[in-house]
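The two complexes that follow have subunit A in common; it is paired with subunit B in the first and with subunit C in the second.
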Partner chain A sequence: MTDFLGYQDRDSVIHRLNATSKLLVFLLLTVAGILSFDIRFLLLLTVFAGFVLYLSKISWRSIRILVYLTVVFALLNLVLIYVFAPQYGVELYHDKTILLGSGYYALTSQQLFYELLVLLKYCFSVPLSLAFLLTTQPSQLAAGLNRVGISYKIAYAFSLTLRYLPTIQNEFQTTKKVQEARGFALGKKASLGKKMMASTRLLLSLAFSTLEKVETISEAMALRRFGKKRKRTWYYSQKWRLPDWLALTMGILLLLLAVWLVSIDGGRFWNPFR
Partner chain B sequence: MTDSVLQFKDLSFRYHSQAEETLKNLNFTIQKGSKTLVLGPSGSGKSTLIALINALVTEKEGEIDGQVFINNEDQAGTDSFDRSLLVGTILQDTDRQFVGLTVAEDIAFVLENEAEAVEKLRAAVANIADKLGLTNLLPLGPEALSGGQKQRVAMAGVLVGNSPILVLDEPLASLDPQTGQAVLATIEQLHQDGITIIMVEHRLDEVLRQGVDHVLVLKNGELVFDGQAEDLLKNPRFHDWQLAQPAYLSLVEQSGYSLQNLEHIEDVQTVTGPNLKQQLQQAQKAKKTAVDKGTQDRPTAALEAENLTYSYGDRTILDDVSLTIDANQWLALIGENGSGKSTLARLIAGFLPVQQGRVFSKSDEDKNVTVDFAKLSLAEQARYVGYVSQNPNEMLIGLSVFEEVATGLRLHHVAEDVIEETVNFALKKANLYPYRHWQSQSLSFGQKRRLSVLSVAILEPKVLILDEPTAGQDDVSAKGLLEYLRLLQDSGIALVTVTHDMALIEKWADQVVSLVAGRLTAKMTPAELFSQRSLLEQTSLIVPSDQILLTRIEREGSHD
Partner chain C sequence: MKKKGLSTKDVVAIGIGAAVFLILFKFIAIPTGIPNTQINVAQSWLSLLSVIFSPIVGFFVAIIGHSLNDAISYGSVWWSWVIADGIYALIFAVLVKRANLLQGKLTAFKLIWFNISQAIANVIAWLVVAPILDILIYAEPANKVFLQGGLSVVVNIISTAIIGTTLVSLYIKNKGQQELLRKED
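Coming up: the complex of A and B.
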């Protein structure tokens, strides 16, 4: 099984869920999380996402780098929000409690509170995406995409890309070495400009051979009747079981909760400063 | 009674983009349940013939004159979807034919596209996997499979669709001889089950070991032979058709014995003829005395590898391997798939980092100084060792033929007028001079292979390492490449070929080393190798057919 996008073949409650139900719950919760700026709801969602990730038995090692990257990105995002809109929180909550400094860049508890909300959005979306992507076999995902109404040709193209990435990577590595041996400046000692020139050549030739590959692959698929009918079935399609219904119900309930909170808060923001 | 399953009637075909017809007035009939072998050099129209059978090529691509009948029905106007119900096709490149993420999914592909119910298609997959011995492989991805396994998966993926005709385009192309025999045995099993087999393949010697019912030979788009293997092998025009003669028949012919006198000519196990034994033994005696005359000096080392150990994860691929590559020698490196022979080749060439041990050579300037390759960049190392991958797409970068060769020299700061002269000289030797202005991508496969060798050899390394140089080429093209390699060897370059091409090992190499389970055997001559059955077994080779014949003749009493 290919490692890319890191599908991890384990046995867990989350792995056993149908890819379609997983996809739907993922979409429902994402919508709910984007919609709501109610800290109570976002905390609930974060705890929920963390629990799902825990259930999916994914090792910390395998996601470590990705998580570090997201943390750096999230912090950068928070700093930039402060740089460009230091009084946005004040605007939102119609209140101003200065904690530090004065003037335009005065730090207010309203701004801190707003940035905490943004941070929470990262905190629920990253574990949730990881739990979804790493527990869903690409073929099952393709079947799931097809089930929710996406054309099977597009869904299959997606899983085929995953199938061919390792092959193309290997080919690129050899090509690179061959050209280095011929004297093309690609190694550590080369200057940046030379590297760029040589790399462009390589990418071009890789594109050529990939296109040639695509032609054979599409022939091979046509010979086995891909695209003949409007529908197709999937070897890896899964039955809907009780846990799928439960998951879907949970997703719908959480979205409804988010909508209900919007209606009683009189907007997407819940204001604790009132 | 004729029970025809496929018939071509006055069929000609011309691609819209070409002036000349690719296929010219073909007439032949294939019987239901038969096994047909299609032979012919590259460019003879074999691929187009297949594409017309499975309708990958239709009126859209070119002008079709005449008719194709399948099950006595005219197929005019049908497309590849309709045709795939009747004809299952296995492409030459089983890697690209593998479209599923796992074996199970790939086998199921055709049924998925027929929107067959999931329970039914899973049962069908389990059934065919059982029949072809693939059950344990079902959850695996293509990267975990060997060439022979991929070939069997491809067959399962086609057979599951119940097409009564199976077309195979060079099924042996990327397989070692032992796996090739196993795949041929599977094909024979399907043939016994009543499936009509049409197979394009260059490796006649190996195909004959499992027998064929019917042979077609194409040359320049014309059908020049339509009959049985026996008649083909005795046909006086056999050599005109540029086909690879089975080794045992070359042996007989070279001994001066006429093939016309042979009985059961198509089967090396039973072939006989009056006075065949005497004639062969006489020829062998003459050959031996000729060989004994040539004695050699002790060779000098062009490159040495010492105590190489290499592991991938927790799997040890090479275990303390040492090897001396002698100057001016042609060394064949053999071993079964996964034995580590490609890893060893890449380590020596500097394409993989050395984990343990070292690779070194005597310095050009001072014979007493050794140069350790770990200290060199790839570009610097290229003066000592060149590496030619078996995939020309990894070697060529879409320049003109002249530029592909000149680039290496230019990057090594050779003067422009010297480059012009050197490159043109080399292109002439490799029979590529007429194409010097062409784009490298528009060359034929065999020409690309020669060009990749040239682009590396032009830097005049002491050692040239080639991964499967003859794979996927017809006899003429492979010989062209080997002859060019012989010229390089004569000019002082030592050759290392990673290969399981029996003819290359037997007829071209001076020495052989085999990798078995990560360890290297001693150097030996090809003749010594072929006399060791157990070593052949361990390296996925089979006994060459000329040796089989000689041994058999030796053993049989002179009762006839």
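Coming up: the complex of A and C.
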């Protein structure tokens, strides 16, 4: 599983929080960060998310590649926005201060300000998601999903997904090699038609073996009377302690702050050009 | 026979279906030459699941598979496209169920219906739901998101028409043969 990020077993303040409270705080802050386009709030949230990531004791090496990829992706998105809507900031802030050039692609400070906001959204969401994902054990997360009101069947399906990811990945790699040995390569050199053909074959064999697995596993679960009752207990459910309540309170306060800022700014955007 | 809620088989189909969806999403992306647009094999897998299971199964496979893939390969989840993928599965499954693909022989009409359904669902998901959510959630400029959506629609319709149709027709033929074998013994 070298290609994926996964749970890292460490001992930190963030690791010791229970999965339910972490999930709730993650959701509250995600909503707050999506809602607000107020630069003061987004800066605060970015600093907060960075601090949480620092507390979680995750090594830089394990997330380095992902962070570089995200930076490239974010910059690409900023360029795309500029290419398609170079005057979008002017529209948003009802003001135009030209810094460079003229005409449709003139660079305005409003546009720069808007693109900075878009960048800040990545800056808070990536550390926040990393701090959440890498410190939460998958089985605890499934139990946590059920605790926040998601039906236990869906929570169980989610934990099945996490459980079967490595298995399916292995099977995928094996099938791919088998197909390659038969002359259906998915390599870079193959033509588009060949790639379509090869991936269709790959998908076919993966699909049939998966559907068989679904049969076997669901029969095994039915034998153990899965889904007969309205509730279930979780081996990995955790108790709420003081830090959990503190974290939840902080999440709620930050969301309330975002809502309050929307009401005093008269909208999701705070306009410094007015 | 009909029970309220998800059956055990549905739960397993969601769980393992989402794992397969994620792996396909991550490891098979055939570049088309246009930046940021890839032929997506995962969408065809989603279409097969929607033919076999109830619409809600496809919906959750897309939501879990897509959001988990975003989270573990990019570190953040692009919610508007996750929801659009779920909506695709939902609309497609509701439409395709009307043709009863799994009952009786595979006819040309059924395959045409399959493709009409996927085209309608793709247009609604990527040209309506995804861009509108992009504007509402992320306040992105309209012409950019509609262009991205438009490209996705074209690529998805073509790839599902080729890969999805092959997958579904082979599945139905294979299933028919199994039933014939069973009758004989």
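Simple rule for what comes next: the second predicted complex is superposed on the first by the 244 of 274 C-alpha atoms of A that agree within 3 Å, B and C clash if a C-alpha of one lies under 4 Å from a C-alpha of the other, contacts with A are read in each partner's own complex, and residues count from 1 in each chain.
Following the convention adopted for this analysis, contacts are C-beta pairs under 8 Å (C-beta built on N, C-alpha and C of every residue); 3 or more make two chains touch, one makes a residue touch a chain.
As the structure is a computational prediction, the values presented were derived from the model and not from experiment.
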For A:F37, is the partner it touches subunit B (first), subunit C (second), both, or none of the two (neither)?
second
Could you say whether A:L202 touches subunit B, subunit C, both of them, or neither, answering first, second, both or neither?
both
Would you mind checking which one, subunit B or subunit C, touches more residues on subunit A?
C
I'd like to know which partner A:R268 touches here: subunit B for first, subunit C for second, both or neither.
second
When the two structures are overlaid on chain A, which partner does A:V126 contact: first (subunit B), second (subunit C), both, or neither?
second
Does the superposition put A:I63 against subunit B (first), subunit C (second), both, or neither?
second
Check whether A:T135 is in contact with subunit B, with subunit C, with both or with neither, and answer first, second, both or neither.
neither
For A:A181, select first, second, both or neither according to whether it touches subunit B, subunit C, the two together, or no partner.
first
Contacts for A:T20 in the overlay, against subunit B (first) and subunit C (second): which applies, first, second, both or neither?
neither
After the superposition on A, what does A:M221 contact: first (subunit B), second (subunit C), both or neither?
both
Which residues would you name on subunit A as touching subunit B in one complex and subunit C in the other?
159-160, 162-163, 167, 202, 204, 208, 213, 217, 221-222, 226-227
Write out the stretch or stretches of subunit B touching subunit A in their complex.
54, 56, 80-81, 84, 88-89, 91, 93, 95-102, 104-105, 108-118, 121-122, 125, 139-143, 157-158, 161, 349-351, 377-379, 381-382, 386-387, 389, 391, 393-398, 407-408, 411-412, 441, 455-456, 459
List the residues on subunit A that touch subunit C in their complex, please.
3-6, 34, 37, 63, 66-67, 69-70, 73, 76, 80-81, 83-85, 88, 92, 118, 121-122, 125-126, 128-130, 133, 151, 153-154, 156-165, 167-169, 172, 186, 192, 195-196, 199-200, 202-204, 206-208, 210-211, 213-215, 217-218, 221-222, 226-227, 268-269
Quick check: in the complex, which residue numbers of subunit A touch subunit B?
1-2, 137-139, 159-160, 162-163, 166-167, 171, 174-175, 177-185, 187, 189, 201-202, 204-205, 208-209, 212-213, 216-217, 219-229, 231-237
Touching residues on subunit C, where the partner in the complex is subunit A:
5-20, 22-24, 26-28, 30, 32, 36, 39, 41, 44-45, 48, 52, 60, 64-65, 68, 71-77, 79, 137-144, 147, 159, 162-163, 166-167, 170-171, 174
